[in-house]
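Structures given as structure tokens follow.
First chain A sits with chain B, and in the next complex the same chain sits with chain C.
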Partner chain A sequence: MKLLQRGFFFAMLALTPVICGAQLSVSGTFRAGVAVTLQAPGSGTSTLYLFGPGGAIKQTVQRGTITIPGDNFKIAGRYTAIVDGSNAWFFVNEAPLANISFIARPSRVPAAARGAVLGSAFLFDRFQNLVLASTPVDFRLATESTKGEDRTVTSRNGVAWVQLNSGSRSGPAQFVASSGDVSVRRVVQQVAADPCSIRMKAARAPDGNILVETAPIADCSGNAVPDGTIVTFACVDKRGRSTVDARVKRGFARAELPPSSAATLSVAAGVVLGNEIHWGGGQ
Partner chain B sequence: MNKILPVVLIVLAAVLVAAATMHSSALTPATTPEGAVQSLLNHVKTHDADGAYRYVAKSSNTDEPDFAHDVFGDDGNLRTYSALQLFDTKVMHEDDQQADVRATLQWASAVGAVYDTRDLKVVREENSWKVLWPVTARPKVPPQVIPVNYLRWDIVSRGPDDDWGAQNVDAPRVRIISMNPVEKDGNFILLGEIENEDTVPGFVSVAATLIGKDGKTIGQEESFDKISHILLPKEISPFRIDFPNMSRERIASVHMQPNAMLVPASADPVMGVMHQAMQKDARGHSVLTGELVNQSGQTVNIPHVLATFYDNAGKVIWVADGYVDQSLAPLTPVAFTIGVHDDLAPKIHSYRVTANQYSRDRVQ
Partner chain C sequence: MRTPTGLRFAAPTVLALCLMFLLASLPDTIHAASPKSRSLDTSAAAPRPVEETTAASIERDYDHAWKSLVSALESNQPELLDENFTGTARQHWQRAIELQKQNGLNRRIVDHGHSLRVNFYSLDGSALQAEDIADLEIEYRDGSRVLSSEHIRAHYLLLLTPAENSWKVRVLEELPPS
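Our next item is the complex of A and B:
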């Protein structure tokens, strides 16, 4: 009995278009947040079923031209409408670009480093749909009063990303991603890279110790290394080896080493070696 | 008579029991040089400064407070967190009036077992043996102003109201600049050096995972305290990771994981490591000796010395560390010694020593 009832129901469903005449139709392209118009032939009231990624609705409508408000289509995707057993499906595309979610990494890079700065931009419309249409995105990285680096990248599947070289000047660099009227700004701190060409001098201190001091220490782009950077002074003589891990203060590093009549003095910061001084030579 | 005898026996038994259980006291003079040293150290073991001092010879010219500070520590140094656990004595030389006794001491400390060997002179004084215990007078630092104007770093992190995608302050970039696996005494050991390449300080550690020939993890260890954890910009620290009872044949690959975390830090104190030299100790073993000098104005309570040893190709062949059980007063040199395996000593071409520190009251 149940089988018979089920069979009768599906037969009626299949025959309804035949009984009622022409199919439900929809045409055109649709964007998120914009109303959609369907054509349901016939007259009188009927029930509209609409379901898609935004949810599902059921409402009583008048056959003919059915207008569904744009509030039902905030989320882009495939929607299906059913009236009188006839269905039509259509795609709702994203609205125009309204937001860029921009991630810049890292927050701190050494100056003049190749490919050190990564930027990823995710394009969204005002309803938080990913803008899948290819869209050009401008990326610009520059410190104050420098030209910086510019790149335009076309988004793919809602994402545009870029890898840029850091600038040669240390300081806060503005990293901007923009497309049309929409732009987002991040700050990437460009810091001095490895010290370049460490030079030191030595003199006898009043108490007889050896006073060593470096010239201002900078990286290869001329940026002063920050205070607190470790600079190691070493003194090797017949009594052994003495080292002091001094800190850069106001651009210089200095230390006092124990007195010696003949010693080799050296200086290093990280993996960068400076000059050597033969103390007591020629006496 | 019948009543007196039991009473006498009971009293005698009590006296004998008391004599057997009582430790050597001041009332018991040391009759041998070794006995004097052992009595002194037994009192040290029970933290009895008075009792131990009674075995110190008057000719030491050491007063009791200085002796107590030397043996039990002061200034929050490592000795104040230590207890003498075991000792062993050996008479090296003896005659009627004086003797040399070698004492090997094992201290249980907050950082593990600390071993010490002292060669003690023992002299006959007033019909008993007493230990000469000279205490090196620490030079008094004259009153002065030592300006501390080194850099300090503090951190302001990202908050819950910040924009999505807004950057937080990143952890410092660190890089392992050398790595050398060795096998020693049935253990697999990873040695190397790590550098803070960034411009901010970081708390650094190195972990390693061993992958066996079947692709499964067979060991995971960290560097623990064989590394200087706080690295200032461009600072290089050695590291050593020990895998006990592991042979090289079982290992297919090693996965190194350097970890760095941004932390507040101070560039103070500056510590100099002076007169480093490879020498032989009293037992003929190779040691690296030197002096630490605290160039700041505040006491460093517990200094920690890390030594990296290189062969003639510049490869790291060993990393050793040691804690100094004395505190470092400002501008006052304190000696340190680090043991080196005798079989490694001939291969050592150069070395680098860095000093770490733990200070009780220092503002970080």
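Our next item is the complex of A and C:
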């Protein structure tokens, strides 16, 4: 009889966690998209609740080892599981790098401009979680047939950024951010910067006007300024000042100024002044 | 009638153990909301400093975002996130709310405040990343029944992007404790 009583005592003791609510446990580190295993001591069925940043589930489970499929853990962050009123929380970390979101600015930039090209790379896994582990990201800005500029930056909290000089050649430049097998490309159009210098010559037109024409206009890296760039010719004589705006066409700009017996001719484009010609009194 | 000795000792012991387990697993009740604390530190922002007006907008819009998240999680109304969330943050939390609704669950959050620190502000002003230490009490519920509750200091990483006239939360990811 005593043995029976003792047996009953120990059986009740062993069953206590089941009767009263066992402590749910989970151990280890988890990665997004991978199944998670929980331990809910006892036997029989119960209800599992799981709350996380990307979901909330309620399902009947068998106590003991509970495996929750990875589909429920696509989003990195804190998850709280509840069984029999006992809870356990754990973290799901991001999966390996799968995508780079790359912002390149501006889309058009003058050639040979210091620190003019900006790139920000945001590193994501295949579930769009930020990849928090420090990861080297290579940034490369180059036009075809040039070496261009290259820089490697280590990401911090999923972000890597760079500020590069634009190349000296005009044309479409490939701006690439890459890490491991993942690579993203943007195109930055490098255009000629402001003219470096402007030279013009003047001649008398058959109708008596003054014909002015520039030499090919280029920036300081030798890139021809784009067609359509405005060039202003000015003529100052005893009657006053007159100006003519002309557009660059195929590298040159030309215009006709009113006739004058003695005048000072000048040329400018943007903030760049060209040469002066003293007309009529000898140059 | 005489109670057998074993049972006489076993019954109170089991009762005591039961009480201990029950107390340990009993969810804490959520305390009444204390005044919310907020702080924003922009001193470590790089590569671009955060202008004063931008800082004020961030503080205001992030506060709105949390208010809408708290309401949406409690009332299971995913559309409440539309105004302050975008991109993956909106998708992820809306999915969570839809699943809550589907399963008859909800979360009640008492937000005691945030301590924000800006790490990154892009030179062109198109993205801002910050870390947030949030003081939160969370009640997990099945209908109106409280399943469990916890008081946490959660460490979030967030990415904000400017919209037409406000900043929107694009990423809101809780970081593991360091």
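Heads up, the rule we're going with is that the second predicted complex is superposed on the first by the 259 of 283 C-alpha atoms of A that agree within 3 Å, B and C clash if a C-alpha of one lies under 4 Å from a C-alpha of the other, contacts with A are read in each partner's own complex, and residues count from 1 in each chain.
What we mean here is this: contacts are C-beta pairs under 8 Å (C-beta built on N, C-alpha and C of every residue); 3 or more make two chains touch, one makes a residue touch a chain.
Just so it is clear, the model here is predicted, and its values are computed rather than measured.
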item: Touched partner set for A:P195, first chain B, second chain C, both or neither; value: first
item: Partner chain(s) touched by A:I103 [first = chain B, second = chain C, both, neither]; value: both
item: First (chain B), second (chain C), both or neither touched by A:N93; value: second
item: Partner chain(s) touched by A:I230 [first = chain B, second = chain C, both, neither]; value: first
item: Chain touching more of chain A, residue-wise (chain B, chain C); value: C
item: Partner chain in contact with A:F252 - chain B first, chain C second, else both or neither; value: neither
item: Contacts of A:V244 with chain B and chain C, given as first, second, both or neither; value: first
item: Touched partner set for A:F51, first chain B, second chain C, both or neither; value: second
item: First, second, both or neither for A:Q23, with chain B first and chain C second; value: second
item: Chain B and chain C footprints on chain A, overlapping residues; value: 103, 105-106
item: Chain A-facing residues of chain C, complex; value: 4-7, 9-10, 13-14, 17-18, 21-22, 24-27, 47, 88, 91-93, 95-96, 99-100, 103-105, 107, 119-120, 122-124, 126-127, 129, 131, 138, 140, 142, 147-148, 150, 152, 154, 157, 159, 171-177
item: Of chain A, residues touching chain B in the complex; value: 101-108, 110, 184, 186-188, 191-192, 194-195, 225-231, 239-247, 249, 255-258, 269-271
item: In the complex with chain C, residue positions of chain A that touch it; value: 1-2, 4-6, 8-9, 12-13, 16-17, 19-23, 49, 51-58, 75-78, 80, 82, 84-87, 89, 91, 93, 103, 105-106, 118, 120, 122, 124, 128-130, 132, 156-159, 161, 163
item: Residue ranges of chain B touching chain A (in the complex, touch as defined); value: 149-151, 153, 164-170, 173, 177, 195, 197-201, 232-236, 267, 270-277, 290, 295, 351-355
